[in-house]
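Both complexes shown next keep chain A, but they swap its partner, so chain B is in the first and chain C is in the second.
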Partner chain A sequence: MHHQIVHRAGAERETLWVLLAAGLILATATAAVGLRPAPEAEAALAPHQIDSRTALTAAEQGLHADLKMAAYEIAAEIAALRPADGTSNGRAPSPAELAAQALPPFAADASAAARGGHVWTLAEAGGTVAYAGLSADPGIAGSLVLLLDRQDDGHGDRHGDGHGPGIWLKRAAEAPPARLDEASLAAAGWKRITSTFTAGVTR
Partner chain B sequence: MSLSLNRRRFLAATLAAGVLRAGAAGAADRKRFGITLHPYYSYVANIVGNMAEVVPIIPAGFNPHAYEPRPEDIQRIGSLDAIVLNGIGHDDFAGRMIAASSKPGLPVVEANADVPLLPAAGSMAQSAAQSAARASGKVVNPHSFLSITGSVLQVATIARELGRLDPANAGAYTANARTYSRRLRQLRADALGKLASAGDTRLRVATIHGAYDYLLREFGLEVSAVVEPAHGIEPSPAQLAETIATMRRLDVQVIFSELNFPSAYVETIRRETGIRLYCFSHISHGDYAADQFEREMTRNMDTLVQAMLETGQ
Partner chain C sequence: MSGMGPSGRRANGPAILFDRVDLTLGRTAILEQVSLAVAPGAVHAVVGPNGGGKSSLIRALLGQAPHRGTIRLDWPGDGGREGPGTIAYVPQAVEFDRGLPLTVEDFLAVLCQRRPAFLGPDRRLGYGEALARVGMAGKGRRRFGALSGGERQRVLLAQALIPAPDLIVLDEPMTALDEAGVAIFETLLAELTAAGTTILWVEHDLAQVRRLATRVSGLNRRLLFDGPPPEMLSPERVLGLFSAAPRTMAGALAS
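Coming up: the complex of A and B.
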């Protein structure tokens, strides 16, 4: 007598294999993602630094950009005023001279009034030139200092973050900084504004 | 007689050919610098003068927000010596075009390398997660060209980098850049001069497209609300209703819309809220021209001054 076992129709075995394959794929993907995380691109800021994109008010962002622009112009003027024989450095233009050229943020225009009404003074120490602007309304924008090297071409990096001249901020400043070196500024509560270049996210 | 005439003709022809060859050689010596967007044509044209050629890689008439690279545009990249890019989100297609071109190693000038960038404009029509990502500053606002300071900083960077690529003309590029930057700064000074007697000019501002943060910051203004989720993406009816409610709540005084990008829903907002509406140019239309940036920025700043004066009254 011939016996033959006929299994009932079903897909248990196939289902098992499909589930196993799916599990294997998921496990591989999880391991790959876990082992290759995207590098943390942003370097943490030092305590005496402040990020221009996220930590400044709108008025401060505008003033910071204007100071960067002014740094080029001032550096060019210092170079132009330098004696041809190179025996001494050129004179730094005063805030009043810069205002007369309508150079923002020194110009006393409607924009200056709307962004904190800063009063600008010039201080020099050694090879460093500092333009300090005391804010009349720290709620809108804090006080700012632009530091330049006499030898800078406006692209200089001695004070900077890899991006030009040194620009420092203090929200509650009652006087311009007494000393212009980085350590003294940081100790006096000033924060250096840093800005980073971020390429388009869909590049 | 006829022989002498022929000889003279031959001589003249030879001389003319020589002059033409010299001219062609002069043209061949001129560098070819590519650009992607209209403002960058104006910047580079003013920096290089007639010492180099400025080559737009997108033909005039294409909207850069919706541009898809075409083979003939990619082919044009092969003839360039360098390309000047916005690089922060407005011409992200260019990198892929360069990679696909016959010159994948083409020198790239990152015009925005030295510009303090702002975060992408927050939209009222986006989710909380999107807002958080934008607030963290990971996505930047690519419209740094729609401002005077942003432009002057870019012009300085472009002049310096093009000078490195073309050292024979570096001095002239720097000098031209300074002259051009002074002209641009004067445009802003002229506009601000018109506000001298205006008193308090602070405004609560909404914009349809998130392109004008850089410009408004130069005038001490801040954008309270941006309507479009992304450029050219119209808000849904529900988003529109929410937008209108938000504008009423924030007591927005002025809305800035955009020339050349008419949208029916903008009229709905204006009708429902009764807020004054003014239009800026995005400077991405028309033929490429050296003076286009100055012309259209003058008009933008005149519009802004008009809005501040009329609303302040």
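Coming up: the complex of A and C.
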């Protein structure tokens, strides 16, 4: 005996299959998303670093941008001042020379005064060229140090994060330590300005 | 309409079981708690007034209505070796364009064969023989739209014979038949019964039912009676079945 049930006309079974398929797709997608999360985009900052986008005052942001551009100018100038025979490296231009070229932030103009009136000095130690800017008003902008490597034409990245020359900040009217390397600056409470790229960066 | 399942011939038709079948379309209750058993090989007639749910019962049996309850076909055979057999269906009438350039053979080909009808009728299926059985021999090339109502009804009977059915569902087949057609129908019924085919037959001609059916059920939304025709088709029952207030009669008749 073969029993044959006559099913009612309607789309119940098709609907069930469609819902099952939809559920399966959803479950697969949920599992895939859950098992393969995107890596954490935000890299935690080291204690001696400060974020250029979120942690700086307006004046500091302007100075930081100017210093990044000035680093390339200075590197080009060092290369231009190099003796033709190539026996030694070029001389680093003094802040006064840079101010004479009206190169911000070294130029003593109204915006420099508004940004804290930094007094810039040149310090050279070994292969490192450093321009230290002593702030007159740390409440507007802290003191800054631009670290350049003489050999690297300004493009190299001996100082860190892959985003140009090393620029260090300390919110005090305080000269940098005698030894201008990362460890000494960090030990003296200076913070390196770094740019981090997170999911929130749109440009 | 025919040709559901393989065309294998078997000794006996299936039993049909309707168990508490409900059918509601919109808010209209068409069938209510219809429980009915059709024995294998029976000529089971279903009678009732217009709108009583006879055709809906057939549609539910053919799986074309959103019914509730169980409808089960019990096919003979050992554990489904053969599976479901052939179910044939003869509709009350066909709606079609009379101007259609369609011959009788084409019409049968559309209904009966798997091969596309535009490639021509499949000779192996024996359309000529089936037409001969309903008294339409030699009329296979006639235009279907040019047939009379009785001839068309015979063609509808012929399509049910291809392939040989195990269950044949007839929806008022005698309505359009002429006298000669009625005689042919009776012969056909006898042949099918002899072959063991189960016949479910919706009919309003009570005299024919009394003469030809082995069992009769009265249906007017509910099943009002079910039994052998001589006892069931008493004047009182028939009056109750066709009266305007079947609901009040239903209880009295069922008891």
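Keep in mind that, in the parts below, the second predicted complex is superposed on the first by the 156 of 203 C-alpha atoms of A that agree within 3 Å, B and C clash if a C-alpha of one lies under 4 Å from a C-alpha of the other, contacts with A are read in each partner's own complex, and residues count from 1 in each chain.
Just so it is clear, a contact is a pair of C-beta atoms (placed from the backbone, for glycine too) under 8 Å apart; a residue touches a chain by one contact, two chains touch by 3 or more.
Bear in mind the structure is a predicted one, so any value in this text is a computation, not a measurement.
Taking the superposition on A as described, I'd like to know which of chain B and chain C A:A9 touches: first, second, both or neither.
The answer is second: A:A9 touches chain C but not chain B.
For A:R36, using the defined touch cut-off, is the partner it touches chain B, chain C, both, or neither? Pick first, second, both or neither.
neither
Pick one for A:M1: touches chain B only (first), chain C only (second), both, or neither.
second
For chain A, which side has the bigger count of touched residues, chain B or chain C?
After superposing on chain A, more of chain A is contacted by B.
Would you sort A:R53 into first (chain B), second (chain C), both or neither based on which partner it touches?
first
Provide the residue numbers of chain A that touch chain B in the complex, in ascending order.
Counting only chain A, the residues touching chain B are 51-54, 58-59, 61-62, 64-66, 68-69, 72-73, 76, 102-104, 107, 109-111, 113-115, 154-155, 163-164, 193, 195-203.
Considering only the defined contacts, which chain B positions touch chain A in the complex?
Within the complex, chain B touches chain A at residues 86-92, 95, 110, 112-119, 135-140, 142, 147, 149-150, 152-153, 156, 160, 178, 181, 185-186, 188-189, 192-193, 195-196, 198, 201-202, 214, 217-222.
Which bits of chain A are touching chain C when the two form their complex?
Of all residues in chain A, those touching chain C are 1-10.
So in the complex, which bits of chain C are touching chain A?
So the residues of chain C touching chain A come out as 14, 60-68, 70-77, 79-80, 82-84.
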